[in-house]
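As written, the chain order gives the labels A, B, C and D, with residue 1 at the start of each chain.
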Amino acid sequence: MTYNINEKGYYGEFGGAYIPEMLYPNVEELRQNYLKVMVEPEFQEEFNALLKDYVGRPSPLYFAKRLSEKYNTKIYLKREDLNHTGAHKINNTIGQILMAKRLGKNRIIAETGAGQHGVATATVCALMGLECIVYMGEIDIARQAPNVARMKMLGATVVPALSGSRTLKDATNEAIRDWINNPVNTHYIIGSVVGPHPYPDMVARFQAIVSEEIQWQLKEKEDTSKPDYVVACVGGGSNAAGAFYHFLDDTDVKLIAVEAAGRGVHSGESAATSVLGKEGIIHGSKTLLMQTPDGQITEPYSISAGLDYPGVGPMHAHLYKSGRAEFIAITDDDAMTAGLDLCKMEGIIPAIESSHALAIFEHKKFQPDDVVVVSLSGRGDKDLDTYIKHFKL
Amino acid sequence: MNRINQKLQENNSEKLLSIYFTAGYPNLNDTTTIIQDLEKGGVGMIEIGLPFSDPLADGPTIQASSTQALKNGMTTEVLFDQLKDIRKTVNIPLVIMGYFNPIMQFGVEAFCKKCKEIGIDGLIIPDLPVDVFNDQYKSIFEKYDIINVFLITPQTSEDRVRFIDSISKGFIYMVSSASVTGSSSGFGDTQTDYFKRIAKMNLKNPQVIGFGISDHETYIQATKYAKGAIIGSAFIKNLSKNGVDNTARFIHSILN
Amino acid sequence: MTYNINEKGYYGEFGGAYIPEMLYPNVEELRQNYLKVMVEPEFQEEFNALLKDYVGRPSPLYFAKRLSEKYNTKIYLKREDLNHTGAHKINNTIGQILMAKRLGKNRIIAETGAGQHGVATATVCALMGLECIVYMGEIDIARQAPNVARMKMLGATVVPALSGSRTLKDATNEAIRDWINNPVNTHYIIGSVVGPHPYPDMVARFQAIVSEEIQWQLKEKEDTSKPDYVVACVGGGSNAAGAFYHFLDDTDVKLIAVEAAGRGVHSGESAATSVLGKEGIIHGSKTLLMQTPDGQITEPYSISAGLDYPGVGPMHAHLYKSGRAEFIAITDDDAMTAGLDLCKMEGIIPAIESSHALAIFEHKKFQPDDVVVVSLSGRGDKDLDTYIKHFKL
Amino acid sequence: MNRINQKLQENNSEKLLSIYFTAGYPNLNDTTTIIQDLEKGGVGMIEIGLPFSDPLADGPTIQASSTQALKNGMTTEVLFDQLKDIRKTVNIPLVIMGYFNPIMQFGVEAFCKKCKEIGIDGLIIPDLPVDVFNDQYKSIFEKYDIINVFLITPQTSEDRVRFIDSISKGFIYMVSSASVTGSSSGFGDTQTDYFKRIAKMNLKNPQVIGFGISDHETYIQATKYAKGAIIGSAFIKNLSKNGVDNTARFIHSILN
């Protein structure tokens, strides 16, 4: 049995490409080419060179000594926060921009929640000299101002999404609309393992470098390439997909996906899709999503702009349904506390998204010799205001 | 015979105006009035929009009307309830246009069954792809004699147009330009070339052109090449601006 | 001939330890121990492990393709911006915190200009669980707000320096005063190659990792370990010292030190010490500094908080006086333009300090086959407001 | 014989109050008035502060007075000019206390020569270290018979205290606690232990205690163990609060 995608673009019963005909040529072009292109030696070479010299990979696997002592277990942090632009998102945008160039596209669009994916997209567009339009919810524009400023510096146009909850979901709608309107010259760089097939698989493959590195880095440090646990937060699920990828079919490695409980899973202000979601279609794929009984998509809530999404990628829907991964929901407060704790104990300011993953240690007990790898998906510079206000620092 | 087939095959030379509107907009209970007025005004077919929170193939006008309709309390249940006696007063083909998720949540079979009971003739589900329909839902649609309408766009390859023609039963929804609803104004050379190209293909299904038709001129242009034309955003705008009572006058302005 | 320090703590005629007797025990303790400690295998191991797993070294040596095409020469960027906390400063603070622990200190003080050194110090203090007090000029606190927020998150106390120009010089005065008042338990982590001997040498040695990496990275890429030019901005001079270190005595490698000309070298609002400075004593060392004929230290100006210092370290005074390095002064405007250019052409937002070094290409012509390594000393996240205002983005 | 040596060796039992003030504060031309009033008030020695922009061994009070003095226009030239006739009216030892950079810019030899001409007896340069002085400047100071005063602190090792004693000529400036000026209030056990420890060392040079002396009580405490005591910040505060005319009363309050 595999927990990975099948030839038809499904993870178990989830996935597929539920797209309007207007998107068919674009998505089909991508589907037919993505695997072919990704294995080309020249593509591999360019991708790997940029990951190394531009992104700064490998990202360290850092043994968090003081945190490990506190929780009496072995905690390793996979330092995606050290990547250029400050999160795992760039792994994917580097891959997709190279893909877009090979498909002859000269205009790039993207959606963004926390702004990390928008910055990562604006960055690779600047690098390649391509036009870049980023859709971002009006609310997220306000709460992630530093990232908006960065996108502008990088020459991208940031277009506010004014509909719905004015967050990530709506930015994604706008991006898809743009793509429908510009079917020939435009590539849509989706920022997570969501969207129609082949996006979830393509993004997961670009992010898979994370678990590939964990394997050899852990081998160096613990003389085994298998952690006992891999923990990652899940918005759409790309950092988790990357951190899980090479362990998906190795059930010795336990996987923990951490969702945003917002003000409490059942408070009505939450983004805990695995608990609150039902099977349905969002942004072109069949997956779990939060919705009314009538099938209207619900407005999610999380203090973290990157987790504020009413669905999860189809891989995660499958990991949940099959029981392969354990899903845990963490509230705003617990995440913030875990984030501040990392600052004070390890000198690392995590993205609030990543703080959700770090909060796991207050919720689950690990054994002293368990090796727990936590995906530190991004740095918290974009979140300083939110932290400062939350703690009245 | 399904009303759609009847309508589109009767009088081969007659052109047909089809109107899209969002159910529950501007007010929750305007649905039947609008349908009746449209038929009276001379419309040949109606697309009843089942509103959705995230209508990603629609432009701002239809999106705003959907948001309002949902706020007004429109749901799948409510819509079916409003339509339950519609066939007592209305004869032209009725099509429900909606995104797949609400239909899926209702249950595809339950949805088709309900349509059949009421007298809905077809469905347009923009985000239900052809292959998924063929693999999973075709037999259900056939069981209840509901026609599923597929779209083609200027970017659809000739092969794929032929394939879609081969599996279509009522008509082909020909998107005038690859774009969300409500975006362009008037047709240029690229579009008329595309209209001509498709017309020359001699497809077995009649084509109805949608997207970008907003007035008499574009209606005439479109129906020069196709069996019919669909107006959506322009009609919604008219509802917003001139109210529910103005339907007859709007239709008149398009047809004459 | 060597351009490095001599046994007495001087670079040529510059350096020494011009300190009040109150600081003698502290500075003497450090002087007697720093070299001994630095060569201990255990120290080396701990230092190198943290540089690798915590800081994320080696920092890439990135070939800037589009920039190289624009200026028709081979431009490599040494990506210190990718270090944890976003600048070269952390190399030194990691070294010094390990030193402080070995000297039995449990209280750490630091001065900061741009806030990068303050953040780097707060970071290593959190990592080691030590108390941290950072002095920062009141003006710098205002113009580098994100870094102030970061220090708070990391648990440091930020104390405003209210005297003089209320920038870096004055923060340094305050830090020295604190050290005088706390001579037993406190280590002062100076953030640049300034201060009394052995600080300039110790900091330069901790930063020397930069040129050590350049050597082997360039060997991989250009099959030579010698660049034709190494370019770095100079505030106090630590990133330049690190980038120059292993090339100091190899005159095949030309060194370019870039100073801040502010509103123009002779505008009265400048920090171009090499042109405007004279020999004198500042913060415990004999070096070049900007001063009145009467020996009062002048208030410097630069748009960049990290270059806003009226002196340079004694190594740089010597490199200037001996002609070993070429000194070029870059105005605010030229630096800002070069910074925005890097954003738009390479997708990298540089610290305004580093933008001064990047501006060199508009001022000096290089040959097509010249290999020019520019120290990209930090990332520009802290400077977004300044950029946005400057360009009215 | 240098006035410092004369003063500190006459009447072995008599204790001496020394006052520091910043030249040019509160007003540029207060310098000579303050000096004359201090002598009249019964002060045994005066330290004239040459203000510096970055006085890193000083606390906020002296720093603020230095900043003001510089704003008032004080420079090395101006100070020497103000002092040129001081020996016509003043007999007690006069010491200039200043940071090294302004002295270096004036030229160390030129500075010493000028001091000699005027009748300045010694210098206190907190940031000129002992070894640099010994290596480079000792002979100049000797040539002009200017005494360079060195500091010791509670952290100074016994060996180093003896070394400093061996190279000192006038007195040893004994910093009461390792701290910048103007910081503590009253002496605790640590400090009196330190005073006793140094007193027992039987150094060849008399010691004068500075830092933290602010009133009669601390003056008495300090001079119990040492030849004299220096007041700086407290006197500057008095100048700020009570003006230039209040000097006699302030000195009286300290001595009685």
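Throughout what follows, a residue touches a chain if its C-beta (ideal position, glycine included) is under 8 Å from a C-beta of that chain, and two chains touch if they have at least 3 such contacts.
For clarity, every value in this text was computed on a predicted model and none was experimentally measured.
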Interchain contact steps from chain A to chain D (minimum; 1 if touching): 2
Separation of mean Cα positions, chain C and chain B [Å, integer]: 67
Whole-Å gap separating chain A and chain C, where each centre is the average of the chain's CA atoms: 35
Separation of mean Cα positions, chain D and chain B [Å, integer]: 97
Overlap residues in chain D, where contacts from two or more other chains coincide: none
Category of the chain touch graph - line, ring, star, complete, other: line
Chains grouped in pairs wherever the two touch, ordered by label: A-B, A-C, C-D
Chain C residues within the chain D interface of the complex: 16-22, 24-25, 163-164, 169-170, 173, 176-177, 180-181, 183-184, 278-284, 291, 293-297
Touching residues on chain B, where the partner in the complex is chain A: 52-57, 59, 63, 67, 70, 75-77, 99-106, 126-130, 132, 150-153, 155-157, 160, 175, 178-180, 183
Chain C-facing residues of chain A, complex: 52-54, 56, 59-63, 66, 79, 81-84, 86, 122-127, 129, 146, 149-150, 152-155, 340, 343-349, 380-381, 384-385, 387-388, 393
